[in-house]
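Letters are used for the chains, namely A, B, C, D, E, F, G and H, taken in the order the chains are written, and counting of residues starts over at 1 for each.
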Amino acid sequence: MDPLVIAGKIYSSRLLVGTGKYKDFAETRAAIDAAGAEIVTVAIRRTNIGQDPNQPSLLDALPPSQFTYLPNTAGCYTADDAIRTLRLARELLDGHDLVKLEVLGDPQSLYPNVVETLRAAEVLVKDGFKVMVYTSDDPIIAKQLEDIGCVAVMPLASLIGSGMGILNPWNLQIIIDRLSVPVIVDAGVGTASDAAIAMELGCDAVLMNTAIAGARDPVLMASAMKKAVEAGREAWLAGRIAKKTYQASPSSPTSGLIGS
Amino acid sequence: MITLHINGQPRQFPAALKIADLVSELDLLGKRIAVEKNGEIVPKSQHGNVMAVDGDQLEIVVAVGGG
Amino acid sequence: MDPLVIAGKIYSSRLLVGTGKYKDFAETRAAIDAAGAEIVTVAIRRTNIGQDPNQPSLLDALPPSQFTYLPNTAGCYTADDAIRTLRLARELLDGHDLVKLEVLGDPQSLYPNVVETLRAAEVLVKDGFKVMVYTSDDPIIAKQLEDIGCVAVMPLASLIGSGMGILNPWNLQIIIDRLSVPVIVDAGVGTASDAAIAMELGCDAVLMNTAIAGARDPVLMASAMKKAVEAGREAWLAGRIAKKTYQASPSSPTSGLIGS
Amino acid sequence: MITLHINGQPRQFPAALKIADLVSELDLLGKRIAVEKNGEIVPKSQHGNVMAVDGDQLEIVVAVGGG
Amino acid sequence: MDPLVIAGKIYSSRLLVGTGKYKDFAETRAAIDAAGAEIVTVAIRRTNIGQDPNQPSLLDALPPSQFTYLPNTAGCYTADDAIRTLRLARELLDGHDLVKLEVLGDPQSLYPNVVETLRAAEVLVKDGFKVMVYTSDDPIIAKQLEDIGCVAVMPLASLIGSGMGILNPWNLQIIIDRLSVPVIVDAGVGTASDAAIAMELGCDAVLMNTAIAGARDPVLMASAMKKAVEAGREAWLAGRIAKKTYQASPSSPTSGLIGS
Amino acid sequence: MDPLVIAGKIYSSRLLVGTGKYKDFAETRAAIDAAGAEIVTVAIRRTNIGQDPNQPSLLDALPPSQFTYLPNTAGCYTADDAIRTLRLARELLDGHDLVKLEVLGDPQSLYPNVVETLRAAEVLVKDGFKVMVYTSDDPIIAKQLEDIGCVAVMPLASLIGSGMGILNPWNLQIIIDRLSVPVIVDAGVGTASDAAIAMELGCDAVLMNTAIAGARDPVLMASAMKKAVEAGREAWLAGRIAKKTYQASPSSPTSGLIGS
Amino acid sequence: MITLHINGQPRQFPAALKIADLVSELDLLGKRIAVEKNGEIVPKSQHGNVMAVDGDQLEIVVAVGGG
Amino acid sequence: MITLHINGQPRQFPAALKIADLVSELDLLGKRIAVEKNGEIVPKSQHGNVMAVDGDQLEIVVAVGGG
């Protein structure tokens, strides 16, 4: 498939995945392999002081040498918390500066707070981060985030973890038409067809976590999502037929019928 | 005796100590972590120099699964 | 993928394709290979008396030894015409008895005439044909066609060639829930996500022609459809997450946040 | 002179002839075709026996691309 | 509003209602008055032998002198039962010959059995009945029912009592475009906007029962439905604006802005 | 209908209308009368110096004594322009302080610029205006606008003038659930059913202009919209039946059938 | 003694009787009903003439609320 | 001679004049308008006092149909 370029780096997979909500690291790794994902999001959390230091860690299961880590700011409701969290992430990952910024509005909806998001994006971009930013499907805000210098804009399809799919394809279409940086649908995908629809709109990639980790068979769903993203991308490149609300058009010749 | 606030919890230590020593104290030696002291990052390269003193607020974080 | 069984024969592909509307036989073959289709529909038409007998024929491009032919009755508006056409097809294909029955209502909509379809199905099943039958999304008619002995029931997603996708998933769901023979969505698919949605409903397979042959790049679209059908099937097998219209659910831990 | 109605078109032939001969007459020899005479299939195995006579309605078909 | 003409008789209301599922006859009457309905459907059932003969009857609550009765064949699964039922209804109502024919496929879905429906319609029309016929949204069947001589064709919006609204507006559109007799959406309406949408498609009227009788406040919902049907009809007559998927168009002048 | 209360004032109509795009003032007045609207939006524009001072003005057609004027800031792309415009409006209307704030993102989409909108709202509320604010369907922004002290929050259904209807009912639902001030759907309504759907979601009112003024028959469409808004409100108050995706429920008794 | 099957239920009567008498027997006099005997409508005008005899299948119906 | 910028257009006037006089000059007397001078509202009550002088930026607006 045609490659995806984010901040000058080339990726062959257009499916980005989260690493949360899995049964264990083995399942996490198996699902991510089945998804063929190259970029994986991780959260930054306090060490549990006193816990067994020898228990396996995410970094053992997903060696940073094999995957591009995308530390996020999940759980942050202010620009300041998000900025602090990503500075810790950069230190943690030896200066790795590709990050996912998300500043949420409230814990019930997890809908983005776009004002705080804009504020944090400005600071982080100035501070040298390569910011992939989670936002609403507001096309004006999406453009402002690009203008600030974010390397990818990631509008939601629907609420995080809702599995409702793409609620407003029209807004996404405007965003896709207007932005030059990659547009990645993030949050809300529930099943394979949702991912295909996102790609058919012309999105550059899809990011998901719950749709895979929460499926009855996460590894099989990961494979489904890989194929769906590729199918949607290829369909977009192939140029679908126009919709015809009425007059049907036969697929077989209309002449040469017997007894006619 | 000094008190450090580590990840929001107060903890007693006999005396001020280097971040590096604190990390080993906490059994985090060799683990992939990052340390923030009073809101400022303490780079790994400085763990051997920077002291944690009474009343310091410390955040010590790791990467975990998340989406 | 789990195999598809029609009339006791096992198929590994769940994508059936038509062979009409292509630029030439080379494109036909390339698209069908990209689709990975094992079953291909063909139409039966009068020989053009006096045309150059040496020009290539469909059977050269798609050797019956490599593909399962599914002769159709496209263009037939009565049970009698459909029956005559399929008897000619069986003679033409040396007794091959797996056929696609379609009796249409009118040339404008190409919507099936279910009364004539029932009539033809009864005669053809008695006459030893293995009938895969194109029909509407009427669940009562679909069940009657199964009871008559059709080996597969193929309800429309929308009008033939319309590319409108699945207009009434609810009726398809009832049909899928009630029938034991394979249910194959036939007609109306416009793009990859339509095929994925059909499979996610629990259909056994999808049959299409215009969506591939009419695309700007038919071969690439054929590949997209192959992946979409597999994605939809795997998603259905994997068990998607439930839709949550409201309360979002975070993918990252809600505890251990810094500064909390 | 006899007239056969082939695929809806009337055609003159000097005399009644076997389906097999008609097929070669029409340059269809070796092509994958099926023949219907007056609404009844004429199996390939019978092409050498069955005669096409004056006024017969014949349908001769091939498989073509269709969906 | 422009009048509705069925079998040569003029009606000012385009909302037809059923009389089932109400708390009591008082509520039935209040709801029907609020709906402004002129045509009301009734069912034909065996007398409960031995029950108190003095208890009030539907005909007391809804005097046939004030309403046009439309006896239905609810619960009939064969043409014969439907025909017998309507002959009893005609006898019961002193020769009243305007009837609602419905022949159902099964008790779970209550989806129409269109083959039996066609059969019954032919007999009833020959027998002098004015048949308003409940059917699926199959445009071929709908046209056949008109050709048989039915005075109104009544396709479903969705399953009886489901409240799912109009699942396939495209099929309804084809039916509306092709038929000359009144097309009345029957079954599936759940709320006011569903009725408005049906009328905006160009339907001549809407028939409902559960949406009103099953509402928390049936009388208020009846009023809502009356207004929704009128709103939808007027909107259809008034000619709505075209949908513009993108370029917005301001409602205020774009010149004369201050400071420009 | 239950009254609508905005900034302590009671209105009996839940349909607010714009006054732009009409053929002439006579049509404007006729449509507004048919709509039964009490609140009408107006734009503020520079006088055309030198034009005939005796030509009729909007205020002659719609006497401020009979209608509640809602001066808007259509065409403003910055908080400052919007604030200046509304200060002029207040002076123009003798201290009238109920205003519609809209700050747009760009002339192509007319999508709101929520950051500038928040900025303007804060200044205007402090300055004593009663601000009814046009915004996106972002629930976080909507809540912030309420917290600032806006007297009504008016999220879009879809782009201004697009007639696309309600693209994302889920976001509107969240806004309606969370806000205490009236929520008025503003922009995007195309036909009567769109207005009914908005009210059925629980919106307090609907504001529109193009859907009426741009209809083939604006006065008839105004009447349709009046009825649709009332129908939707009543349906919401009446409590619709639940949707049942499958098992149908008969409206006629299932016992007492003949021949059973 | 005769048996009539009324609305699916067998019922004993001393002897054959007119439909009109049966209707009053059943307390249905003056009610809006329709009667079918052995699959054929019995018009009201005939209730005074038509006899219900042993073994007859009768359906007696009313209009009820329905949609 | 002075120049006033009215609704973005420069206009000559013999001399500074009251807003009230300017309004009548412009044939706007009695019309429902609002006036802004150099970004500040000039209340109707002040039209008789406030002078428009050379270089002033004036906005004079009316209400028009809009949505």
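We take it that contacts are C-beta pairs under 8 Å (C-beta built on N, C-alpha and C of every residue); 3 or more make two chains touch, one makes a residue touch a chain.
Treat the numbers as computed from the prediction; the structure is a model and nothing was measured.
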By the touch rule set out at the top, what is the minimum number of steps from subunit F to subunit G? 1
Both subunit C and subunit G are touched by which chains? E, F
Looking at A-F and B-C, which one has the bigger number of contacting C-beta pairs? A-F
If you average the CA atoms of subunit B and of subunit H, how many Å lie between those two points? 68
Quick one: report the Å distance separating subunit E from subunit G, using the average Cα coordinate of each chain. 33
How many angstrom lie between the CA centroids of subunit B and subunit G, rounded to a whole number? 96
Whole-Å gap between the CA centroids of subunit C and subunit H: 74
Note: subunit G residues in touch with at least two other chains are 7-8, 36, 59, 61, 64-67
Please output the residue numbers of subunit F that touch at least 2 other chains, ranges allowed. 18, 20-21, 43-46, 72, 74, 84, 88, 109, 111, 159-160, 164, 170, 174, 209-210, 213, 245-246, 251-253, 256, 258-259
Judged by the touch rule stated earlier, which pairs of chains are there in contact? A-B, A-C, A-D, A-E, A-F, B-C, C-D, C-E, C-F, E-F, E-G, E-H, F-G, F-H
Given the complex with subunit C, which residues does subunit E contribute to the contact? 105-106, 109, 111-115, 118, 136, 138-141, 143-144, 158-159, 164, 167-168, 170-171, 174
Spell out the residues on subunit C that touch subunit B in their complex, using ranges where they run on. 250-253, 256, 258-260
Touching residues (chain side subunit A, partner subunit C) in the complex: 18, 20-21, 43-46, 48, 72, 74-76, 81, 84-85, 88, 107-111, 159-165, 190-193, 195-197, 200, 209-211, 213-218, 220-221, 223-228, 230-235, 237-259
Residue positions on subunit A within touch of subunit E in the complex are 170, 173-174, 245-246
The subunit A residues in contact with subunit B across the complex are 17-22, 25, 28, 41-47, 49-50, 53, 57-59, 69, 71-72, 74, 84, 87-89, 91-93, 160, 208-210, 213
